[in-house]
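Let me give you the structure first, and then I'll get to my questions.
As written, the chains take the letters A, B and C, and residue 1 is the first residue of each chain.
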């Protein structure tokens, strides 16, 4: 497939060729960066290390109405599904994460809300400057990994190299018309060199092989209590994790208008497993911390064949008390 | 002067006592300019303790965050003390928890660390981006010295200290069983410039300001969970029956959440700024809390968390209390 | 399985009959319901052990075991203990009222595999609700099983569910029903004592027998211990778990014990599966 490039001065025109479609890209929301519908291409922010909130929020919004009803009536109205055509500016780690989450939303029962949105074209943005806590290399990823992407963009400084990876990616480039040009041989080499340099910048590493097998034997290990001691039990690590997918379902009624909706939930919250009887099978942060790590590095592996972590580093970057997944994994590896 | 060796010595003595369960302090974090809360229970572990401009976390929150599991039949409850290192601001949380009887005095041993101000990680990371290694820091005169991999760099305190530290009036612990080194001179004063700036705006401007911030909230509850004054076992915000705040994350519910929390902190917030520090989407929550702090100060001449003998604001009444807020 | 293309959309059902099984703050009410949509009713297939999400629009839904056997007719029964917000609201409902049902969910007791064997159920309190479908199923197909023994206990006689049905079981050679309550009561003519002790008193032989237990965690723990003492093999012992659930279809995450989702991989498990999962009985 032919590589193209779009010069930065033409990037707004390039985005304009996609104006007919529902396009999501990183933008500033409040003080944070996250994926939002593009209404003004000038607000698209690609000079970032990564978004605060991963693009899972596009495919699996934090709050979403499953259906509506009128109180006292049993008629159920499904909302329109889909509504996402292109997600642009996705870092390779987050694209890989979405593929991991696909296995959850597609096993046995299909989740139509999620799967309709997953039909969107995913345009990746290779990392030229990985952040301090990136450890994607330890999980089989990399700054220019193409898993889960239809098109990969690489920032060449004055232009973005556009590398189509699938038919959907090709189609998107076909729309771009005159706003893109054929990439020169040197552009490809420049991109490869940038990818190589980025890999060199990733210094945090952890040996993940064998962790899944080892975790069951560490059930009573002191590391869970030690980690839980300082844990606040907040939802940062799970909400910002691109592979975390747990949700709550609640009925919300305003006047006569009711909706059953789902919203992100966190295994770090006490209420997550609390029975109506008052019994809680995971009564303290120790059990919740242990479940979080086991879920990512053992249970998910047993169930779906891959680790539910891509090494994006968000849980480390944003943890208010410096609970560090790389450090926990190191302790797991070293534990006797 | 900060003397970490002396701190370690006191920690070793303290943790060796039979009536002390564990000691909560700080240690160097795993990367960059972080310190991490550190729970130690043996004298040997004292070696890892630090006290430096990196020690941002208010550890007083762990006094109330500790989980109380039912005591197995036939066993006595563990009534040993928790030893806690506090900066000046942190100590106000301990005082306020005592005032509210959220903790009992005989269960806590306060080790006071007079403080010259802690860093704002974001300011430091902006100055030294891409520092991957764990970096230690010390106070030196009017600077903070960062021991970077390429050598030490001194930066004026003004440029790297957290906003709350620049206006700090309580650098010395207001309660302590032992104070590790001599008190420091107070350098700050606080005339609520940030709150006044916001107050100067029109209602539309103020609403516009907060609407954008609240819209970005993810309701991760890190602000609530880190707050040393948010220690209700059954938080009103978690309740489903009756449900005061819907679980839906949207501007209306997020606003209700933040306002409910702010009101519950009126006359109680001790301005440690932890809520704002931990917020992953940088909502300036201290502007909200400080607005109420200012109201409480102006209307009732009350400041929480300074006098262990005081009554909680909401539990005290004076005939001359202002009532001009009643419409 | 729900036939709807959207697994989150429930069926609307009408309560045909509703009655209280027990009294008190944590009382149990049984609802006999029929799906409104005739096609859904016709296509609905469930087996003993399966569950469904039952709820009300405007309140919420919770997972309950289906407490009837398909051999009883094309209706559903749910025996629901009053505990949280949803169950409190469900208890307000009477015959003629509407509720919503999604399901059936989860795996089933392998009642076909068990043919030719003796079936022993050991229940406590509301834990009899998931066992009742087995009892009814085996009763309806008794010629295919080598017998049915039921041990059931509760705190007081008033806490026993399905009391009326047990009378019909007495005086039959092929069925035996052993009831017990924790403490002596006037007029109570059956056993007094805890379920695990009654199990030891009866000491059933493990030979060609399947034991299924459900009840409060503490009871299950001692029943399992005693079954082991009676030489039941791990794969002869079944139980059914419950955890907080929201989706019922293996997505929302919270019901896991180890790598297994109770809603999908369960709720029926053998002790052979669970004994290696440390949080299974947490």
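Here is the rule we go by: contacts are C-beta pairs under 8 Å (C-beta built on N, C-alpha and C of every residue); 3 or more make two chains touch, one makes a residue touch a chain.
Because the structure is a prediction, the values reported are computed rather than measured.
Student: Which pair, A-B or B-C, has more C-beta contacts?
Tutor: A-B
Student: Taking all protein C-alpha atoms shown, work out their mean, then name the chain whose own C-alpha mean is nearest to it.
Tutor: Centre-most chain by C-alpha means: A.
Student: Taking each chain's centre as the mean position of its Cα atoms, how many Å separate subunit A from subunit C?
Tutor: The separation of the two C-alpha centroids amounts to 39 Å.
Student: When the centre of a chain is set as the mean of its C-alpha atoms, what distance in Å lies between subunit A and subunit B?
Tutor: One centre to the other, that is 31 Å.
Student: So, what's the distance in Å between the C-alpha centres of subunit C and subunit B?
Tutor: 49
Student: Could you say which residues in subunit C touch two or more other chains, in rising order?
Tutor: 84-85
Student: Name the residues of subunit A that each touch 2 or more other chains.
Tutor: Touching at least two other chains: 248, 250.
Student: What residues in subunit B touch two or more of the other chains?
Tutor: 240, in rising order.
Student: So in the complex, which bits of subunit B are touching subunit C?
Tutor: 240-241
Student: Subunit A touches which residues of subunit C in the complex?
Tutor: Touching subunit A: residues 5-10, 12, 36, 55, 57-62, 83-87, 98, 100, 217, 242-244, 246-247, 249-254, 256-259, 264, 278-279, 282 of subunit C.
Student: Residues of subunit B touching subunit A in their complex?
Tutor: Contact set of subunit B toward subunit A: 29-32, 34-39, 57, 61-62, 65, 67, 69, 130-132, 212-213, 215-222, 224-226, 238, 240, 246-250, 274, 277-278, 280-283.
Student: Could you please specify the touching residues of subunit A with respect to subunit C in the complex?
Tutor: 66-67, 69, 71, 73-74, 76, 78, 104-105, 107-113, 219, 245-251, 253, 258, 260, 262, 265, 267, 272-277, 279, 281-282, 287, 291, 294-295, 298-300, 302-303
Student: Using the touch definition up top, name the residues of subunit C that touch subunit B in the complex.
Tutor: It is residues 84-85, 88 of subunit C that touch subunit B.
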